[in-house]
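Quick one: the structure is below, and I'll ask about it shortly.
When the chains are written out, they are named A, B, C, D, E and F in that same order, and each has its own residue count from 1.
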Amino acid sequence: MRPDGRKPNQTRNVTIERHYIKHAEGSVLISVGDTKVICTATLEEKVPPFLRGSGQGWITAEYSMLPRATPSRNQRESTKGKVGGRTMEIQRLIGRALRSVVDLSKLGERTIWLDCDVIQADGGTRTASITGSFVAMADALNVLVEKGTFDRIPLTDYLAAVSVGVVNEVPVLDLNYMEDSSAKVDMNVVMTGSGKYVEVQGTGEETPFTPDELQNMLSLAKEGIEQLIMNQKIALGDVGDRIGTKEPQSV
Amino acid sequence: MRPDGRKPNQTRNVTIERHYIKHAEGSVLISVGDTKVICTATLEEKVPPFLRGSGQGWITAEYSMLPRATPSRNQRESTKGKVGGRTMEIQRLIGRALRSVVDLSKLGERTIWLDCDVIQADGGTRTASITGSFVAMADALNVLVEKGTFDRIPLTDYLAAVSVGVVNEVPVLDLNYMEDSSAKVDMNVVMTGSGKYVEVQGTGEETPFTPDELQNMLSLAKEGIEQLIMNQKIALGDVGDRIGTKEPQSV
Amino acid sequence: MRPDGRKPNQTRNVTIERHYIKHAEGSVLISVGDTKVICTATLEEKVPPFLRGSGQGWITAEYSMLPRATPSRNQRESTKGKVGGRTMEIQRLIGRALRSVVDLSKLGERTIWLDCDVIQADGGTRTASITGSFVAMADALNVLVEKGTFDRIPLTDYLAAVSVGVVNEVPVLDLNYMEDSSAKVDMNVVMTGSGKYVEVQGTGEETPFTPDELQNMLSLAKEGIEQLIMNQKIALGDVGDRIGTKEPQSV
Amino acid sequence: MRPDGRKPNQTRNVTIERHYIKHAEGSVLISVGDTKVICTATLEEKVPPFLRGSGQGWITAEYSMLPRATPSRNQRESTKGKVGGRTMEIQRLIGRALRSVVDLSKLGERTIWLDCDVIQADGGTRTASITGSFVAMADALNVLVEKGTFDRIPLTDYLAAVSVGVVNEVPVLDLNYMEDSSAKVDMNVVMTGSGKYVEVQGTGEETPFTPDELQNMLSLAKEGIEQLIMNQKIALGDVGDRIGTKEPQSV
Amino acid sequence: MRPDGRKPNQTRNVTIERHYIKHAEGSVLISVGDTKVICTATLEEKVPPFLRGSGQGWITAEYSMLPRATPSRNQRESTKGKVGGRTMEIQRLIGRALRSVVDLSKLGERTIWLDCDVIQADGGTRTASITGSFVAMADALNVLVEKGTFDRIPLTDYLAAVSVGVVNEVPVLDLNYMEDSSAKVDMNVVMTGSGKYVEVQGTGEETPFTPDELQNMLSLAKEGIEQLIMNQKIALGDVGDRIGTKEPQSV
Amino acid sequence: MRPDGRKPNQTRNVTIERHYIKHAEGSVLISVGDTKVICTATLEEKVPPFLRGSGQGWITAEYSMLPRATPSRNQRESTKGKVGGRTMEIQRLIGRALRSVVDLSKLGERTIWLDCDVIQADGGTRTASITGSFVAMADALNVLVEKGTFDRIPLTDYLAAVSVGVVNEVPVLDLNYMEDSSAKVDMNVVMTGSGKYVEVQGTGEETPFTPDELQNMLSLAKEGIEQLIMNQKIALGDVGDRIGTKEPQSV
């Protein structure tokens, strides 16, 4: 029995509110249980120096938490004067993950900035950021479809992320903060709509984990991601039909 | 006629949603037209070094904008590695303003951190931050009343802030972003429930302003602030009755 | 009776020594009582990126204090690795104030850097910086008149600044450090030769102030600024006659 | 056929030279092919603030590359003024990995600093750093055994790391730089002497990878780590016999 | 013939104005030709951590230039966010030099901060800073003599500094900026009243220099320093008589 | 008698291992006693902005120590976020010294970066860095000779550096760390193959030194540098024959 009464393979309640910030090309408020993240997608008509002249686009992400997103106040990184290691790891992960499903050649020399700002944290903020950013990014690209720049949204597949772990010797799906604090293994999985892995990151700092535990967590993650991609499709509605080539829509 | 159809002395629509972030002692989402700010108040059981042993409390504020709170994306200050001049000016103003209505001796050696994070900007973010922070601060202090630390909330008065300016030669109240951009004078006024000034900051960078214009703006500001304090009282409900000594409540 | 025997509406003794630093286009040592500031004006034949191609000039200011300008040594901001909030506020104020009396179109794509370095502080360093910088800026622009770039110095008016406050319930003009420390209200006013406001910044952090106190302080400020502009005219001598269109000289 | 003629499941040549730096409690120069890393272990008789009074020890790591460890010179992070995201990710990984096999209670309130400085890079620098640091850490702890502080070295198991990937559709073990650059999947695995996972980090940024590819890479990693732990045992000789309780030595 | 008509062994005109800044324990404005430096000495009743409990005092220095001390404006180090290499070298030199003539045991656990701020630069700013700081430091220590803390000023000797160089193949003393720019060798010498070396720093970056040139420059430096110490003695007057044990005064 | 049994005029054992890092154009591991420094030389086909279009090349150096190069661990400068004063002084010295023997016009618009990383420190790290960098720089320039860019290596002379000091009243050559700690004078001398000075930096912080001591130290330095240049010639072998015009080789 989990602290909030869920079964081991059950995700928390997910809501995705689109068009949350009026200025951004794409923006959502994603809630996964009590974890709430504002994800915005900004289109920029240029690329970083290393891609100039390449004809390729770029996807980059930044992640932050409001000071009171957490039970005790955490100091702002702007005040500290530097971005910490945890933040860098997370924003590199978000950017890399989202980049994997964008057809960067079709995108052309444009950058999409994904900004993930956690306004309330209860475990799984990086995976919620990825799942929410996918929807914001689709909306931002849809702006270009509506302008006639593209026929279809240049995404090759859906993409979502979830955490899994081993708590009290039981593999469980979508850990909240209380579970996360007592988990002996913590793993984040990013997967596409067609069931391929984009990222697998498992850590057994306190207690190394066995090959069997690894396999059980991978199974749970697959179940969770299928559920999350269903949520994305419902949220996107018609816009989802414009994503990619024919194949992904039939998933 | 103003861009959004308001009269010169009319404020925008204001909503104040309390208990917006579950972890914070006080938190509100304040909307003033399309300007939206999350204000949280954090209680800390210690004071900065210069007040240790003094028996006095402290109020301090931090202010930030999400990157896409604005029409074009602005770079994060954490990424720049330093807090800019505009941010510093605003957060110093917020802290100073709120401090003016706290009975710091009654507060004792405690600090209240006010965090104002603008999630959508449309002019007047610093004044909305002050107006919203007052409510968050009252809620945070009410936690101490409910614990029995205080009998009443140690605030000496209500406090709100509003902008005024001269646009197309007409003094107007509560400028939105479009008006702010074309105003020849921009002034922020912070005032208490009993009609005293806490801050008056007027700037006529492009065109110096006359003594008459100054007087007209001060009158408009007074009207606006009375309205905003009414909004605060409605939002706070019963908690408002616990504020300060008897005198301020009868205002 | 004030600590140094002045009447409430009396300024301290002011001296303005021009051509103080041989390398700068304009430079003064201004003394207001025991407050001493070196103000230099540097002409640069380019503008910041946001003005390139606009045909407009720019005025920007930097402010600093020597470590022992004050009774106890203050740490250098270069050693701290960042410019503090107070410094930023002051240098933004100085730049904004001086910019208000420059005809930026006539100036053309040039920048004037105003550097205000306080070598001894006794209250009113920011207002002395503004008053002194005006003279240094006029001298720097006169260099361009002497070169034949301009017929007249492209300033639209004189400009000076003074502090006012309420000390022991009495509104007073031009506070020294001792008065400033015990003032319940502290206000800085920047005004032009023709009596228009450029900045009004009043703060009642410890005690909010009444509308009457505000009006009294504004009156004192007007008196003080008229006196300071007289000092500027005497210091500038012939160069003053070249300032602006005919109108301001007749003030 | 791989660029250097190895079979898919073959590691590069490994040498571990102990006592490489005379001042450090433990130090090795590890070479994995042309990748060369100096790993030092420093004993400090205190712990970070969050562990004071807990009776527990701490393991922390720092990682850096000499500017010409790589084909083109990379700028020093000291000159840039900040530690980059890649470095932070790697040093957090090294610290977390090594911590997993230390009995922190037996270690007591001591910190071991692991410094990994890459003097020549040819792929796999983070995994070589982990494998080398284990030996340096054992030597540093052995200093405490020789002083009589401990009877045995308080490590619970051996630990090594290796990279695997998919190059030209073939899963391969221990990628050099040329292979790494063209791999569609890149995965790092950290494993204990008893065959448990400590970290599994796989990334398919360019091309998501299938569940089968994941399983094949996990198998190769296991082979590689067994080989590396054999190298560690040979290098440590007698000191290895003092590691942990009886169980691990019999592995 | 030198640009300003001096002979090779002739120093520029030197003036030392004591008590220049009212707040500092010691302060001078030293002018060496057109080079002008404000040197203040601040007494602090504590020492850096590495000396606590040692019974020894400490001398430390900071050096800076106003932005327009030089022909073209140089950016402030506070704005750059870091102290540059040249500044660090100079302030380390000043501190080291002054420390050499202080009896740190007699000083006890006190620090003297020497702040050297160049307001106008024309070559030789570091040597003028040393020569001026000696006088400021003597005045600061004299404050402690007047309070009765010491019988005599705990300095072991006088100390001054001068630059020498080879310009147009001729060794010359006390180079101004124009000479310094064309010198093939640049050397700074710090020497005590009794003719001992404290620092000898010669650099022949463009052209290595011969042993003969070195000897000639050392001779010139000795002459110059004797002259400068005479200037210091005249400036200090009676306070000079309180310096050190009997021996140095008879020099 | 010195701690390691050497005579006053005896250097420590020196080895210079060329081609130490495979990626760099020039690289050596130099050992002077227990001091070990990796010196790499990187050729870059551009110059800093101040030299663009001048036809002149540039030589610049960076210096760092591994954290455990020293008896106790020193914090990385990348972690501190800034390069310290000692490091800046040393790397400026190395760059200046090496530049003095390069024919910058013949080099053309190219930069050579010299990176000196101390992996083990036992006194004299800056002088070992200079002596080793000379060899690495010669190898890097030889790459251009082999490519046919130059006929001969555009160096005007050999260059080496050594420390001298006064320990227990005796002038000694090439101090190790133990001697350095107790020396009353510490001096570094950089000299060319033809016996000219490039740098003379002597410091008598604890005790000023006499003219006689200075002369004795200069003699010892000359002996030491002749020995070191002999080591460089042996290490360079044939490559040495390509250095400069005919004259230097006959030294």
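As a working rule, a contact is a pair of C-beta atoms (placed from the backbone, for glycine too) under 8 Å apart; a residue touches a chain by one contact, two chains touch by 3 or more.
The model shown is predicted, which means the values in this text are computed figures rather than measured ones.
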Hopping along touching chains only, can you work out the least number of steps from chain D to chain F?
1
Give the chains in contact with both chain D and chain E, ordered by label.
F
Expressed in ° and rounded to a multiple of 5, what is the rotation angle of the C-alpha superposition of chain A on chain F?
120
Name the chain whose C-alpha centroid is farthest from the C-alpha centroid of chain D.
C
Could you give the separation in Å between the centres of chain A and chain E, each centre being the mean of its C-alpha atoms?
61
Please work out the Cα centroid separation of chain C and chain F, and write it as a whole number of Å.
52
Taking each chain's centre as its mean C-alpha position, how far apart are chain E and chain F in Å?
29
Of all the residues in chain F, which ones touch at least 2 other chains?
81-82
Please categorise the chain-chain contact pattern as a line, ring, star, complete graph or other.
ring
Check: ring from chain A, direction chain D, yields A, D, F, E, C, B
Please give the residue numbers of chain C that touch chain E in the complex, ascending.
21-24, 27, 34, 38, 40, 42, 44, 62, 64, 66-71, 73, 76-83, 87, 113, 115, 117, 119-121
If you look only at chain F, which of its residues touch chain E in the complex?
82, 84-85, 88-89, 91-92, 96, 99-101, 157, 187, 191-192, 194-211, 214, 218
